[in-house]
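To keep things simple, chains are lettered A, B, C, D, E, F, G, H, I and J as they appear, and every chain counts its residues starting from 1.
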């Protein structure tokens, strides 16, 4: 089941730089593990913004929320989820 | 070069139904040809709306505009394009 | 899997009244069948507006889109879908 | 009398973690007491967001405001209330 | 139980003038009957707009929706309802 | 001359609690004095929000601004003013 | 008493051109009479838009609404009124 | 003096196609004459939309409004103008 | 050449009060000098808000930006500029 | 390939002034290097705002994101990118 997810990162400027670096490293690992599992099908940078559009393929709304709320950057992100369905013109 | 495109279809209710059917059929063929060519990489229905999110992989902004403005439904759609870049966490 | 759905009805004022009445009757039957099946768990009128908030319990995004796009009033509605998950404080 | 309530939680990042944990614990107890009483009929997590949609069944606007403004997280939430009425198609 | 209601009137310009006049006359009578009953406590014109802000004092959400949806101009209005509660600083 | 005023209170969370309490007490006294004078005709709490809708009856725009900018909470409020006029259907 | 008024003109494209011309001529005369009286202190075109910003100096909200609702183009305008007060830095 | 101008074209779908073609031809000639004169310095298509961003170099606000309101498509466009100034980092 | 300018002042609440007072005094002097020169033709308080609408009469966009960016409160203001032109109905 | 980019600068007021000056100097050099290379074709100040509109001519979305995310002020800017295409009326 596919979902389009937009994530905008807003890290407070007074967070210590070492903390930020640690969180970002964990975020990258977390993301890449999910990408390898096939759950996080794609991630694209929005040009010019500290934001991404991602495609998730999950079993349920609950699974998606568990994945997203587990993101190390979750407390510093604004996230918007759009549920997707099969398009009648899609060849896939 | 990747772009996320959202298309919202707004067909005037007083357009003759046979015209609408003809346009939709041409739209489907046009879309599937581009999907087969690899230009239109994916198309998803937005759940509950007469709208789609699509991914395009094109050579340039000009090529993308040519493809989109050639859509049979173009006169009846509101389209918004977001340019995408490689994300540093992407494994692809 | 739960979804919150808001539907705003916008019927063009020049649609013949008999057509409108026929569509509304089919809409009511369609809605009540789905309510009885348990798919459409609740429907509430938004006070002062020709709109409703509804709760759906479905198997997938695709099932929800099929149900919504089959609504007799679908061509005359603006619909927005919010995917819901289990809340950690919920006692249910 | 039914109301749909959306609550978005925005806890300042410089609040001490122990304070936050204490508030969240009180929030959960407060919410579950009201759920058991039947006043707070349902609470759902908005997928991907630190937010919920809830249904309240109360006697009056005043009662609802008293319940909401008593939430331990009230100072850190943005709340929007939509009054609901019986829908003519509802089977309940 | 108090509600603030904003009504914006949008009459299609191709509605026959005699129909519009008849609707407006019925609207005025309907409104004044409710004002005399105490349900519609106050109605003010928004300066420069074909709109009003009104205060209603009703028993329930359902009663308010019944009153509003019975307005002769209801099909041609955009209405927004805000539920109100007792303010701790109010002397009334 | 009537005005509808919406006030949203946004007190910074790092203001000392004793300062906040002192300001709120002065705010209440200030408001109640104006209510007794008939200038501040009504004040209602917006359900679920730290906000109010109020009706003012003043001689001029200048008088209204003097009253509002003198509010002890003025530095911590977002205020929006809507000028009102006599409505042709009003029975008052 | 000063007010800033923005007026956006939206004339339906299927109104007969002779009707439109007649309305515009009456609008111009109406506006210039009020300008000569000192009530309509200034009118400026918004560059690139069929819109104006105007300053009115009137006795009351009611007088302003009477002037604005009497505009021949009133049925085809979207109007927004902002009440103004003396600014402490103004030298006038 | 530079201005950024965004123009969104919204031609009513029931305008006769021959009229539309004639207007578009006049629009193109009008635009190209101004481009050759140096007043209309650049025009770009917004990808995926029937819209453009343009740069104008004119003597005054009045001159810009005269140019824009003379566009054959002016009655069918939504236009927004942003005044620009020399940027301290610009090398030109 | 006329411009309408809206300025919203947002002074951070943790700025020292003596600094704020000094900035406001300089702002007032700066504004009144420009008013006397005829560049800043009018300044009005928006009722209920820490904001003003002003009219400027300047030679160019560059001159206006120089004047506005020189405001002592410039770092703490949100400013929006609307270019104005001669209105065909204006008697001035 | 052309892009219109709007950048709004929002520097936190508690950043040390010497840090801010150093960042701004690096920003200016960075910008001017790119302007000389032809990648950053133009930069204009938005009148009255700490913001600019810029035109970039780059090979790809990825190149544009690399340039923008390398801006010394990037952490303190809100950036919005609009992809542009050849306009059929353009004489260039």
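Operating definition for what follows: contacts are C-beta pairs under 8 Å (C-beta built on N, C-alpha and C of every residue); 3 or more make two chains touch, one makes a residue touch a chain.
Here the structure is a predicted model, which is why all the values come from computation and not from measurement.
K.L.:
Applying the document's contact definition, name the chain pair with more C-beta pairs in contact, H-I or A-B.
P.N.:
Between A-B and H-I, contacts are more numerous in A-B.
K.L.:
Please pick, from H-I, A-B or A-J, the pair whose interface repeats that of D-F, with more than half of the contact pairs identical by residue number.
P.N.:
Repeat interface, by the over-half criterion: A-J.
K.L.:
Could you give the separation in Å between the centres of chain A and chain F, each centre being the mean of its C-alpha atoms?
P.N.:
From the centre of chain A to the centre of chain F is 43 Å.
K.L.:
Using CA atom averages as chain centres, what separation in Å is found between chain B and chain D?
P.N.:
Roughly 39 Å separates the two chain centres.
K.L.:
Listing for chain H: what residues touch at least two other chains?
P.N.:
2-3, 14, 45, 47, 61, 64-65, 81, 83-86
K.L.:
All pairs of touching chains, please: list them by chain label.
P.N.:
Contacting pairs: A-B, A-C, A-D, A-J, B-C, B-H, B-J, C-D, C-E, D-E, D-F, E-F, E-G, F-G, F-I, G-H, G-I, H-I, H-J, I-J.
K.L.:
Give the list of chain D residues in touch with chain A in this complex.
P.N.:
Residues 13-14, 45, 47-50 of chain D touch chain A in their complex.
K.L.:
For a test of understanding, state which residues of chain G touch chain I in their complex under the given definition.
P.N.:
2, 4, 27-28, 31-32, 35-36, 42-47, 52-53, 82-92
K.L.:
Quick one: in the complex, what on chain J touches chain A?
P.N.:
Result: residues 3, 5, 12, 14-15, 61, 64-65, 68-69, 75-76, 79-81 of chain J touch chain A.
K.L.:
Which of the residues in chain E come into contact with chain D in the complex?
P.N.:
1-3, 60-62, 64-66, 81, 83-86
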